Structure formats: C-alpha cells, structure tokens
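Here come two complexes built around chain A, the first alongside chain B, the second alongside chain C.
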Partner chain A sequence: MSLHESFLVYRNLLYPKVATAMTGAALVWYAVDSPRGVPSGSTWLGYTLGTVAALLVVWLMWFGVRKRRYGPGEWRLEAWLSGHVYFGLALAVIATLHTGFRFHWNIHTLAYALMMMVIGSGLFGIYVYARYPRLMTDNRRGETLRSMLIKLADIDRESRAACLNLPDDFAAAVRISHQETRIGGSLRRQLSGVDRNCGTTRALARIEELAATVPAKLDVPVMRLRRELQRKQALVAQVRLDLRYKALMEIWLYVHVPLAFALLAALTAHIVLVFFYF
Partner chain B sequence: MSESYEVVIVGSGPAGVSAAGRAAECKVSHLLLERAPHFADTIQKYQKGKYVMATPARLPLRSALAFAAGSREDILDTWRAGLEAKGVNVRFNSEVVRIAGSRGAFEVKLADGTAITAANVVMAIGLQGNLNKLTVPGAELSLVQYQLDDPGEYKDESIVVIGAGDAAIENAIALARQNRVVIVNRRGEFSRAKTGNLNQIRQAIESGTLKCEYNAEPVRIEAGRIALKGPTGEGTIACDRIIARLGANPPRKFVESCGVKFRSSDAKSFPEVSNTYESNVPGLYIIGALAGYPLIKHCMNQGYEVIEYIRGESVLPADEPLLEEKFAIIPGRPGVNEVLDRIVATVRLFSGLTRLQLREFLLGSEVLVKAPGEPVFLRNDYGDTLFAILGGTVAIEIDVNDPSRTVALGKGDFFGEIGLISGRRRSATIRAATECTLIEVPRFAAIKLINTIPATKRLMDETMLVRQLRAYLEQGLSDEDLHDLASTAEIVSFNVGESLIEEGAVGDDSVYVIRTGSVKVSRKIGGRDIVLSYVPAGKIVGEMALLRRAPRSATVTAAIKSEAIKLDGGAVRRVLEHNPEVKARFDEQARRYLLNDLRHEAEIDHSNIFEFFLAQGGGEATDMLLIDEALCVRCDNCEKACAETHDGISRLDREAGPTFGSLHIPTSCRHCEHPHCMTDCPPDAIHRAPGGEVWIDDSCIGCGNCQVNCPYGVIQIAALPPPKPGLLQWLLLGRGPGPGEDKSPHKSHDGKSKAPKLAVKCDMCRDIKGGPACVRACPTGAAVRRGPEETMMLGRGVQ
Partner chain C sequence: MRWLVRFITRRAGGAISHSDQPVETAILRFGRGTANEVYLPDIRVAFGHARLGLLDGAFVVAASGGNLMTVNGIPVARAVVQPGDEIGIGPYRIGLNEAEGDHDLLVEVELVNPLEEGSSQGAAITGLQLAALLPSKRRWSWVFFLGVIAVTLALPVAAFYAKNVRSMLTAAALPPDRMVSSGTISAPHKNLVGNCQACHREAFAKVADAACVACHKTVHHHVPPQQLRLAELQLVRCGVCHQEHRGEEPIVRHDQAFCTDCHADLKRKDKETTLEDVSDFTSTHPEFRPTVVVDPAKQLRERLSLAASTPLVEHSGLKFNHQKHLDPKGVRDPEKGTVVLTCTDCHKLEPGGKFIRPTRMETECQRCHRLQFDETAPRRQLPHGEPAEVIRIVADFYAARSLSRGVIPATLGGLPGEPLAEADRVEAREWADEQTKITLRKIVFGGGMCGTCHTVVPPEASASKNWEIAPVLLTRRWMPKAEFDHSKHGTLRCQECHMGAERSTTSEIVMMPKIAKCRECHGGPAATAAVPSPCLLCHIFHRANLELMRPAEAAAPKRP
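== the complex of A and B ==
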C-alpha cells in the first residue's frame, strides 16, 4: 500500500464513479426521450439538464473559494479537486446534451463554447499535473532551485579565476557569460526552456575561436575554462528546464480561470435571456 | 571620629542594593559600600544587550526594588531609579579591606584608611572578586583583557580568546561576526558550558566561523603575538587582542580574614551560614552568590530578608504562602515545615537537597492526593513527569490482559521515570491502592535534580536498571535473578554511528537493552550494508547470538545518540536456564526476527530508502510530513495554509529538504520522541501534548537555544508580521501580499519595532479542528503526515 493517494484516484475512484453515474443517467434519458419537436434546451429534459449544468458550473467555480479558505474544519482540498475534475468532465457531456446539438452564432452558444474552452484547458491541466511533477523531480537530480543558483555563482567565480592566466579576450568572453546569461524572463522564454541568445553559449563559441589562436602552453587553462563554461551551460539548461516545467504547471490556470469568469458572465446572460425573452 | 551605622552593607549587586533599599525604606541607618565607581559591577560587565532572566519564575519577588526579566540596560535603569527614590546611602570607590569585631561593634576599614563602625555587617560581595589571570610572561601587556563589554566595538581584528566556559564561548561567538577569532581550549573538547553554548561552539568550529586550538595553553605573550604550547609543540599566533575568560574563585582569603568559617577546605565551597544568613561571627551576615545563591531573584529576596532579621522581625520565606497552598490538599493539613521534614525523612530521592533547594524544587512540583482505585496515569499516555510517594501505596498493573496482577510501591518509592528518560509513552497503568499522597515533578526539574545531586542519580540508575530489566525481560523473573543481572549490568552510551555489536564478532555475547534513542540492525550482503530493522528504546538487541551460540549475525549501530544497558551474556544465559517460560518467549522473539530479516534481505531498495529516512530523523519522529514529488505540483498551498492558520508565519518550507527518489521530506518539525529542542529551554516553554505534538507555549523568550539544538533546522526565530488586508481586498484591489507568508522584503524597517522575536515551529495544528492544515490544503494528495510505524512500511509503495 502506497503512502500517497493521487487526487485522480481519491477514495478508490469515488468521484469518477458518481460522475459516471450522473453522466450515464443523462445519456440514457437523452436516448429514450422523445420530445415534442427537436431535442433542445427548452424541453423538460433540456431544462433539467440545463439547471444541473448551471449548478455544476457554480459549484465548480466554488473550488476557487474553497482553495483560499484555510481555516479549521474536516474538509480536504484533495477531495474537492477530485470532485472538481470529474464533475467538470461530466459537465461537458451534460451541457452538450442540454444543447440538443443546436449551435448558432449567439450568446447561448458562446456560453457553451466558453465552457468547453474552460474544460479543455482543465484537461490540459490534468495532463500537466500528471506528467510534469515527476519530470521536474528527475530534472532536479536532488538539488533545489536555491542550490542550483548557488552552484552557478560558484562556477562564475571559478571561471573568473580560470581567466587570470589567459589573454584578456578570454575574460571578455567570460564577462559575456556572466552578464548576459538570462534565466527566466518573458513568458515565451520561460515556457520554451531555451534561450536562443544565451550568453553562455555565445561565450563558449567565442572561447572555441580564441582557443585556436593561443600557443600550446595555454592549453591547460583553456581546457579548464572550457570545462567550467560547459558545466555552466548544462546547469543553466537544467535550471531553465525546471522553470519551464513550473511555468507549464501554472500557465494553464491563466486561461482556465479568466475563461471561467467569462463563462459565468455569458451563462448569466444566457439564463436571463432564456427566461425573460423566450 | 568615625561614622557609625546600624547596618553596613558591603557590595552593591542585586543582594546589596535590595538590602540597602529595604533598610532605607525602614529608616534603618545604613551605608552601602561599593569598590567600583558604579553599582552592580558584575551585571554592568555583562555583554551589551544581554537578556537577563528572572528565574525561578514561580518564586515571588520580595524586595524594595523592582526586577523583571529584560535586557541588562533596562534592569540597571530600574535599580538606579529605585535607589534614588528610596534615598539609599551609597558610597562608591570604597573598597573594604578589613572587617573586625562582632555584633554591636564592628570596625570596617576601607582601602583609603577610613574606619567605619557598624552594629551589623551584611556581606554581599558576590564571587567576582578573584578573576583568574594569566601568569605567563607578557600577561601585563595592554593587549590582554579579562572582560568584554561590547563585542560590536571591535572590527576586523585578530582576536585570541582563552577559555572554554560559558563566558569564553559567548565572547568568541559574538566576536567572530566581525573579527577573526581563535579560541584556545586547554582540553580536547568543550564540555563545561551550557548545552546551548556547547552546540553553538561546535557548529561555529565546524562551519569555519572561528578556529579552535585544542589541548593548548599560552606560554608567552608579546606585542602582537601569543605563543601557545600544544600537543605538537609550540607555535605562535599573530593577534591584536587577547581575551582571557578563565573563571573566578570566591574571595576566600578576604572572607576568612573577617573570621568567617567555610563549609570545607574545597576551593569551591561556600561559607557556613545559618537559616537567617548569619555566619559564625555574630552580626556578620552573608547573602547572595557568596552564600551559594547566584540567581538574581534569590539575591534580592535575601537582601530584604536579612534586613528584616537584623531589625528583629521574623519573616517567612517568600515562597511560604505558595507552599502552604500547595500542601493544603494533604490529609491532616500539616504545616509547611512538617511536610518538608516528612519529605526529607521519607523520600530518598530528595535527601541530597538542602532545605532551600527542596523548597525551590517543590515550588515547581504538584502535590496530589489520589483516592483508592483512582488512576495516576494510564498505559500509553504521553507523560514526562516523575512521581514520588509521600504516603500510601500505588499498584502497577503489569499485565495488560489481567489488571488484577499488580506490583505495589509504597512510601518513599518513586515511579514514572521511564517516560522521563526514554521519551516514550507510559508503559503501564498505575492506580492508587490506598489513599496516597504523591509529589509530581516536572521533567525539567527532575532532570536537573538527577544531574546535580550525585546521590539521586545513583539511586535512580539502580532502581531503573532493575525495573527496566523486569519490564523488558518480562515478569516471571525472581528478585534474585533480577539482582544477579543488575549486578553485571553497565550503562553505556553511543554517539550516532557508533556500533554496539559488529557482525561476525565472536566471544562477545553481551545483551543490550536500549534505554534511550534507537539503533539500526544491518548486515553486509553482496558487499553492501543492508539495513534490516530499526530497534527503538525499550527493546533488546544482541540476544540472538546468545540463543544460537554463533558469531554475531548482524551489526547494530546507533541511529541517534543512544544509551543502553549492557548485560553480561553469561548472566542472561543463567537466568534463562532457570526460567523456561521466559526462555520460550525469547526463542519465539528470535524466530520472528529471523523471518523478518530474511524478508528484508530480499528488499535491497527498502534498505536505501530506510537509510535516507533514518538520516532525516525518521527514527525518532512521531509524525513527519512526507511529500510525494510525483504528485506535488509545487503550488505551495501547504505553505500558504500553514501561514494563514498561524499568524502569517509559515512553519513549513516545502522546497527545502532532501529528496530520495520521489519522496521529499520538507523542513518541518518531526515531533521527535525525545525532542532535541526541549533539551535546554530556560523558561521550559516546550511541551509534548497528550496527542504527541511538541509545541512551544507563550513563555518563550526567544533565546534561540531550541533552534540551535534542532538537528533538522525546523525552528525559526521570528516576530509576528503586521496584520494584512483580507482576501477580497487582495483579489479585487491588489492590496496586501495575499494568502500565505509575506516573503517580500519589509519596506518599513524603522528599527524601533518592538515585536519580540520568538521561536516558531510546526505544532501539528493542535488547536485547529480538522488537523494539520498542510495536509488538508494539498490539492493533489502529495502531502501526508505519517507516524513511524506506517513509514517503516515505506519500502513497498514509494519507489
């Protein structure tokens, strides 16, 4: 028996079971239902499914509140997330059935589209949560971010020392590595995990050029410098990858949450319009 | 014509100023003489900003001057104001060189020749008198000093500190912040100082903050240099300053020259004084550190009391009403002195204490009266107090399944000591058999008692040995057998990593009963050390070789600092031979271990993660936070939850801490069985709750000893952050730092902030319904808290 239980299988798949039951019931009802006219949001089934879907949307958004209330009580956030994920998936089916597959260029379909985008980004979130933590740990190889940065500072010091016996051009190259190596930065740089213009890479290339011009007696210090910069390159790549994983694990929320609020607005409009104008 | 006073008080430390204040209050003609140009010289010489404590906390203060725990500066200011207000008659720069005469007619002679007559003399000169000085050539040079007023005064100097006591260590560490410091220790290790200081100096030397010359003594001092003689010969160290803190002796010669007799010829002994502080010279009273009471509060109380005695008033000791209240519960309502007499006569454990020590000790203890059948404590309760029986008998239930099988303890006996030493739960239920009167002693006081009175320690060790043997070898052994075993027994201690038993050894068949700490059992398999199991306090190791008559089958090493009772194998074998029932149980146990070992041998990975786990304190943790990094999305919600439920300071650092495979152990309290943090807490603010949590109460003074003693770095000394705007304000208006700890650098650091910095650490959310917030707030189920038994099953799931 493992010490830890993932939110995806929380309590022996309790939430998937309930959500499946709900979805199953909705599908069955949809299949057997023979409404007057075509299936749509305004049949009995349609109204029922619509109400359930709307309530689900509100409950799903309540997760954001629950997450930020840290007080006493017998609640567990893991249970809420497990429910959130599986009822979110059930919502996709239920809301689709509610539409009766009637889509037009109006606010009602907009609400539906926003909802599907929210759920879609949520699916991406699940993928990211399932895959990246382990990758991040493997990439770290026992270090913490702080310790990696400290190591980088140490390498900088070593490479400065390694230049002392070499012509000044080498020091200039090393300075490029120190001053123009950027870790993190813009969203694109964080997500990509690489820096096309990395100072260390350029410094290394320059060192290679210079190495060809120096006498053989300087081979040893040049090799030492090269080794330090290569270490730095590998370490910087490791740190950048770490930041990439972190960014990936966070970025999808910047889509998921704002879209959910947009959904809330559109949903309100949808409900008001349906009840007061139809 | 010489001046004449009713009382002359020599020395203006806490005792002297308190006496002078009282005399002034009562309009008794008095003169306070002080040889330095200011009062309270010893306290004036404390390090700048030093926090002075007001222990014993429970003792009421009875003095004309006020005193409360605080910085040295505050205390001195309070006294200065008090002395002025009372109109105390004080004369500085007046060293007393002779006191002759007796009550009614003393002649006190000063260094400048002045003679003063007095009816009574109170000597309150303390111990500072004779600072031990260096006697080597060059000791008179100006670079040598025996005092350090302000460590911040010196910058970027090379300083040599000579000495290995509290003062030398404190000075060296304080100076090392801005200077290059070498500390010279005559011996090969630091052992004399307070535990907190010992830990600090070791850490400082290990981390290179300062250097230490062990087994070295100065032989010569020159301008800018000191020559030391060490184990490898002589060497010199260039230095700008030498600070020698070599201790002081009571100014015996001077005191004896006044006609006072000391208790013994031992250099450390104190003068003989009566219950009213009078020495053998009638009218000459001695109070304070010189009488053997170095604590400031005692000194001040004594200053008050001695003036009362001189005035002919009888005064009850300051703690009398407290003790009276405490003893009120005792049947028959005996008086305080009667109870004290009874205690001294009955309870051997306390027989080495002086009357005053006994009173102080009892102030911190509880007196209980239990009706027949009432439990004193139940098996598996968490408890760390010691009980002494003043009257009546108790029954120890030795058989879990049959409560009628009991062993009785009566008047004068003690119990509860196992919880004290091994930090584990109570091993048996104990009930009152008849109506009994018990004294319950808190852990801190009991440990101090054991450590200061050798007779008590001996009695405890002997009794505990027999009891532990009886418990661990299980009942059924006769007293004879037990004493046979106890007579061969030896108490041995092991540092981390030291081995009790080596695999393959022949000839040694000692059996060890683990008294405190824990050990791990490992075997070399395929060239690697495979850890087979972990044995906590209360269990036995080494009996396998005995039963199988073969070389040792495994190596046993201490996982944390441990103590064990080493029993002679031959004696154990003899005892087992006449007790077939016990032997059968042993055999059964051995069989189970064998099976267990075989199973674990196959699980090589189990061993590695086990080792990792033990190294992180798993061996002594009662509840650890474990994070599965394969599930953890690094959202830090656990940290935010901790901060939000604990006044804005997170007691958890998620990212920090080591990882093995995907098991990550963050920096968070392990709630150790034998909490290292409790070792040296001056206000005794750290406790273990009935649920097992180790928590720090409000009486914390922020001294930082616990932080230094914790091997896992889980304690911070932090001040309460200012209140912040609520969640909605942050969400909608962007005000405030939002949920979690405010990690941004503080904008307004006005230096005048009075928020005290106190020790904070995880308290397992003991006051919060629902339990640990970190676990509840983890969205993916990555954070769990587990006790040791569950985590021992680690090997299987976590890979």
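== the complex of A and C ==
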C-alpha cells in the first residue's frame, strides 16, 4: 500500500465531489433561469454567481497565506491544496456563467481574462505537480543532486588521470570537458534540459577523432578515457533533466502568483465600478 | 570460505594502520549497503557493487548491474582473479593476497581517493534556482496590483469627477468611459457614447428617470392612474424594462415575461378587472373582441367576443350589399360598361400600409353611384353632405330654373329680358317649390339615391319636420388595442381573414377573423413551427391616448 495520497484524490476525492456539486448546481440554475432580458452579471443569478466567484477568488488566494503558516492548522495543508485546485476549476465555470457569455473590451472582461490566465497557469501547475515528482524520482535513480555533482567531480579527476599517458591533445579535450560543461545557467537552458554547446559532447567527439591517430599500445588508456567521458555525459544529462523538472515545477508560479494579484486588483475595480455606475 | 578483510588507513607521515575483520561466507559482497560483508561507505560506491567468490577452484569477481569495476586497472564486468591482483571499486583499491593463518584469502581494502571538501564540481554550475534568474514574485505582485488599481479604478473614478482627467485620458486613447462600460450602447443611443453622465448623473446611484425624460418627454402610461394604481407602474424605473448596455439586443425588449408577470393573473393586481388573463399566444390568449358599433345615434360601441355562438353584427346605420358588388359577372359602370370589383377597389391601404383607409363615398362609391337628381342636368351632382344642405341646393336649382323661361308653364308669357310680373314671380316660385318637393321625395331621399345606403327619415316622422338621414357611425379600427400591419400580410388574400363578403347582403356581419385564423401562422415566442409572436408584436405598452407616465416636472432633473 502506498503511503502517498495525491492531492488530486485527497480524502477519497472529497474536494472534486464538492466542487462538482457546486458547479453542477450553477449550471442547472443557469439553464433554467429565464431572466428579464439577456443573461448577464446583473440578473439575480448573475449577482449570486458573481458573489460566489468573488468569495472563491479571495479564498483561493488565502492559500498563499495558509501555505506560509507552519503551525498545525485546523485543516492540513494538503487539504487546502486539494481544495484550491478543485475550487479553482469550479471558479472557471462559475465566473463564466456569471458573465452570461458577454465579453467586451472593458475592465470587467479584463478581470475575467486575468482570472482565466491564473487558472490556466494553475492547470499547468497541476500537471507538473502530479507528474514530475515521479519523473524526477525515476530520473535520479536513488541519487540526490549533491551526490550526482560529487560523482561528476570524481569523473573529472579520473579523466584527468586517464590522460596522463596520452598525448597533449587529449588533455586539451579533457580540459574543454571540465571548463565548458555548463549545468544550470540561463532560463532557456534550464527549462530545455539540453545544452547544444556542451563541452563534454565536444570533448568526446574530439577524443574519437584523436583515437584514430594513436598507436595501438595506447588503446587501453584511450578506452578508459572514453568510458569516463561517456559516464560524465550520461551523468550530466541526468543532472540537467533533474534541473529541468525542477525549473518547470517552479516557473509557472511566476505567472500564477503575480497575475493573481493583478486579478485581485481588477476584481476590486470591477465590483466598485459595477456599483459606481449602478 | 573464510575471508580476512583488512581495512588499511594510511596516515600522514607514512604510518599505516589497519583493522582486521574475519568473515565466513561463500560470497564476499562489496557495496555501500550495510548488509554487505565489505561495507564501503562512499557515495561513489553502489549499494551492492560487486561480489567475490570461489568458482570451480578459482576466485571470480563480478560487478553487479552495470557497476564500474577495474581489475588491475582494466575495466571489466567480471574476471578471474588471484592473489596479487588489485580490484578497483569506486575510490577503493582492494588487494588480494595470500591467506594468513586459517583464512583462505586476505582482502585488503584501502580508500585511495577520499572525497575532498569544497572540490570543484567539474562543471560550471550557475544559478540552479530560478529565483536568481527571475524578478521576485512578490515584487511583480505589487507592481501588478498597484498598476491595475491605478489604471482600472483610480483613473476612471477620477475621470468621472474631473473633466481634465477625462480629456487627458481620451487624448491618450484610453477613453475611461469605454473601459468601464459593461456592454455596447443600444443603436438609438449611440450618439451618447462617451457621454456617460447623460444618464449616470450620480455615483453609486441607479440611473434616474429624470435622465430618460430629459429627452423622452412624451412617454405615455399603460393604465390610467386614476383607474388603477400599481407600484409596478407608478414607481418602476425606466431602466428596469429598458436595459441599456446590451447593445446586441434592442432596448425595447420583447420578452413576454415582462407582460405575463401581470397579465397571466390579473386578479392579483386588480380585483375589478374585466380583462382576461393571457400568458401565451398559442395557448391562452382569449378570443378576439372587436369593438363594434351598437347604436350609431348614441355613438355607443361595445367590445363583443367573436366566441359568441351567433356571428357578431354591427349596426353602423349604413346598408351595403357586398354580394351584389362582388358579383363575378361584374357591376355596371357608367363609363366602362361592366367592371368586376375586388376588395381593394374600395378598401384601400392608408399611406404606410398598416391599416385600411375608411371608405369614403366621394372617392370609392361616387364613380358609379352618381348623385344626379335631374335628368335634364345629368352632370349636376348633389354633394354627399348634410340633408339641409342638399335640400337647399335642390331648391336653388329649381329656383334658378324657374327664372329661365322655357321650363315654366306656358301661362307665363313675356319675352326674354323682360322682368317678370309679380304674379309670374309667385307662380315661378311655387313651381320651383313643387319641383323641389317632388325631386326630394321621388329621387333623392324617397327614391333610390340616399335610401340605397342610408336609412331615410321622412319629414312626417322626423324631429325637425324635414328630411333626415339616420346617424351613421363607421368603425375605423375594429381592434384598437392591437397593431396590425396589412402590408406585412400582403401575401394573403383579403377573403382569407375577412370571410363572408361574397354572401353578405347587409354589411351588418362583422367580418373580423377569429384568433384561430391568426394561429394558423402565429404562435407564442417559444413556437418552433409558427411565427414567434410575443405580446409586443401586436400590442404596445405605452398607450398614446393616456396621460404621461413620467411628466417632466415630476421627474425633477438635477443639473449634472
């Protein structure tokens, strides 16, 4: 039996059930409602859904506060996360019904658009949070990032030792592997998980070229050097993939959180202006 | 197998210390896991790295999985070894030596490559945290929050109160009004775009009726207030029914619910009402009740239901024989000989095409029904007017005749140009009076002229002791509460709705269609196989004959 209970199925799908019930009720009410005039945010149903949606937005953002309180709360953080995800999805439907499907180039639709961007980035977050931990574990194969980096240092030492008996060109190639193998770096490199200009790859290619030019008695050291560099290449790829997963699991929050505050501001403006121009 | 495992440590200064550990097992296992007989606690060694055992009289060492292992410097996965060989596992060197004492083999383990603290990682590792690369979430959150508040809330509110802010924003292509508008303005109000304060005069207040009445000065009531006072009608804001900012919809809404809220159960609103309940055209609209003249003299009209068992009759005071006029063989025409008449020869549309123009004798009938009264003057016609006027004209005619010789009896002599003697004058006048009386009785009133269509009252029976015509009251609008557009029904023939004309001899039958006729094509708004017809298709709410719903003085507009 696994001890891990994913936030998606927490407490036997309690939150999906509640959120679905809420969304279903809203959909049914919208379908049977026959307002005077067109459906919009200013019918009775519109005001109700708008109030519910606004309260949901505030509650969803409260997750950021709860997340930073490290004491035992009345509800576990995992419960908060599960609720945050599913009520966030319900919000997408409820807010859309609140609009009555009327969209224009105005501040009100801006609030809606910001909300959908927040929810959209949240969908990406759900995907990475659900899938990537397993992928990271599988990729690490029992290592930690620190242990992988230590092994890289070890391989470098071995490869330096391995080219002691070899011509200088080999040492030059190995130096390229040491000094021009970049891990981490720019946003693009971290998110893509590849380095098209990797020093180790270039060093290996150079070693292959040089291997053809050495006499047969140097075959064993060459083979040893090649093996070390191939080990390094595999390990570097493993480290980069680990960093890629980590970066993807973080990057979406740089969209999700600031836009949520933009949404909060736009929502405040929307509510004030609705009653300002009553 | 009895192995002696010796862990060797070299100290600075060349001293060597060792600790021995005898192990009795068939297979000697090397690895990072504590279950291994030779426990190698270094990260660079795999959990279960390699195994050493005796196989067919020779020592064999094998690396588990794909673990890297060297024997005498050569990378192998499996090899036969003997005392004197050196196995490399990670940073460890394992030397095999001849056994000492009871043991079968001496296994010397030495860590030759200890982990260095702070060693270079062998690769340029920079910025493993995204936080180092991206601006902080907190800063961006503040920037967005304050920015959005400033642009979407502070500026429009400022623009509402300060004209210069508004003009500055409009010049910067950020019209605050459009940013705030919750929907497009309706077509008739598009001249007000950008002038929100034409209607929204106060903050946090609904649009007051005064704003609407400022332009719409003559909006009439639906029910006379002295007849029925209802909160819904007295106090309701214009904006409740006429919802602006729904530009894709007309601002005059046709939702049936607006009407059926009251009309589906009128007794709740007015206990004394005589109106019947309506909720939908297809099912519950009552039978039509045209307004019919019942007494033309007293100008009495009544609404009579077409659901009555006998056909409705109207007493307009006129006699007209449709059957004769619609004879397929035609009727006599003084100029053309014979013409075949159709409905539209007499019943013409008003300009605009909605209603039928009232039939006028002068334009529709007089072509054939000439009002000539004396065969000696065939072109002389009487006006279709008041009887007193007609009598005077006939009298004047004969008076004039009497004064021109040639038509008076030969008893009156004299030459042309000679003035008449007194006796002649009296005789001439008596002749004229007699002729007038005869003509009036025989031809005009008593004969076929007026009496063809009118009910004539002879002098002996009339109140004024003169010829009189019984009052006529024609119906101009049979159903004045409904708007019917004949031009939209131009594909139908008249007789499809106004049935019975060919058989009618008296024109008393009311030839208005029953509701079933309309239901052949029209249905309620939800109808899918009929023309969707909400109440407002035929009826209007603001009735022009009633007083104003929101008089301008009562609305007390405030200057913005």
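General remarks:
As a convention for this text, the second predicted complex is superposed on the first by the 272 of 278 C-alpha atoms of A that agree within 3 Å, B and C clash if a C-alpha of one lies under 4 Å from a C-alpha of the other, contacts with A are read in each partner's own complex, and residues count from 1 in each chain.
Criterion: contacts are C-beta pairs under 8 Å (C-beta built on N, C-alpha and C of every residue); 3 or more make two chains touch, one makes a residue touch a chain.
Owing to the predicted nature of the structure, the values given are computational and were not obtained by experimental measurement.
Of the two partner chains, neither chain B nor chain C is touched by A:175.
Residue contacts after overlaying the shared chain place A:190 against chain C, while chain B stays out of touching range. In the overlay built on the shared chain, the residue A:202 is in contact with neither chain B nor chain C.
In the superposition on chain A, A:226 makes contact with neither chain B nor chain C.
In the superposed model, A:142 makes contact with both chain B and chain C.
Within the superposed three-chain model, A:78 lies in touch with chain B and out of touch with chain C [touch as defined at top]. Once the two structures are superposed, chain B and chain C can be ranked by residues of chain A touched, with C on top.
In the superposed pair of complexes, A:67 makes contact with chain B only, with no contact to chain C.
Of the two partner chains placed by superposition, only chain C is touched by A:150; chain B is not.
Contacts of A:38 after superposition on the shared chain: chain C is touched, whereas chain B is not. Shared contact residues on chain A (touching chain B in one structure, chain C in the other): 142, 145, 246. Those residues of chain B whose C-beta lies close enough to touch chain A in the complex are 626, 628-635, 637, 640-641, 644-645, 655-656, 658-659, 662, 664, 727, 739, 768-770, 773, 775-782, 784, 786, 790-791, 793-794, 796-798. For chain A in complex with chain C, the residues that touch the partner chain are 34, 36-38, 40-42, 102, 104-108, 110, 142, 145, 147, 149-157, 178-187, 190, 220, 223-224, 227, 231-232, 236, 243, 246-247, 250-251, 253-254, 257-262, 264-266, 268-270, 272-278. The residues of chain C lying in touch with chain A in their complex are 43-44, 47, 68, 73-75, 91, 113, 115-116, 119-128, 130-131, 133-134, 137, 140-149, 152-153, 156-157, 160, 178-184, 196, 200, 203-207, 240-241, 243, 246, 248-249, 253, 255, 257-258. Residues of chain A that touch chain B in their complex: 1-7, 10, 67-68, 70-78, 80-81, 128-129, 132-134, 136-137, 140, 142, 144-146, 246, 249.
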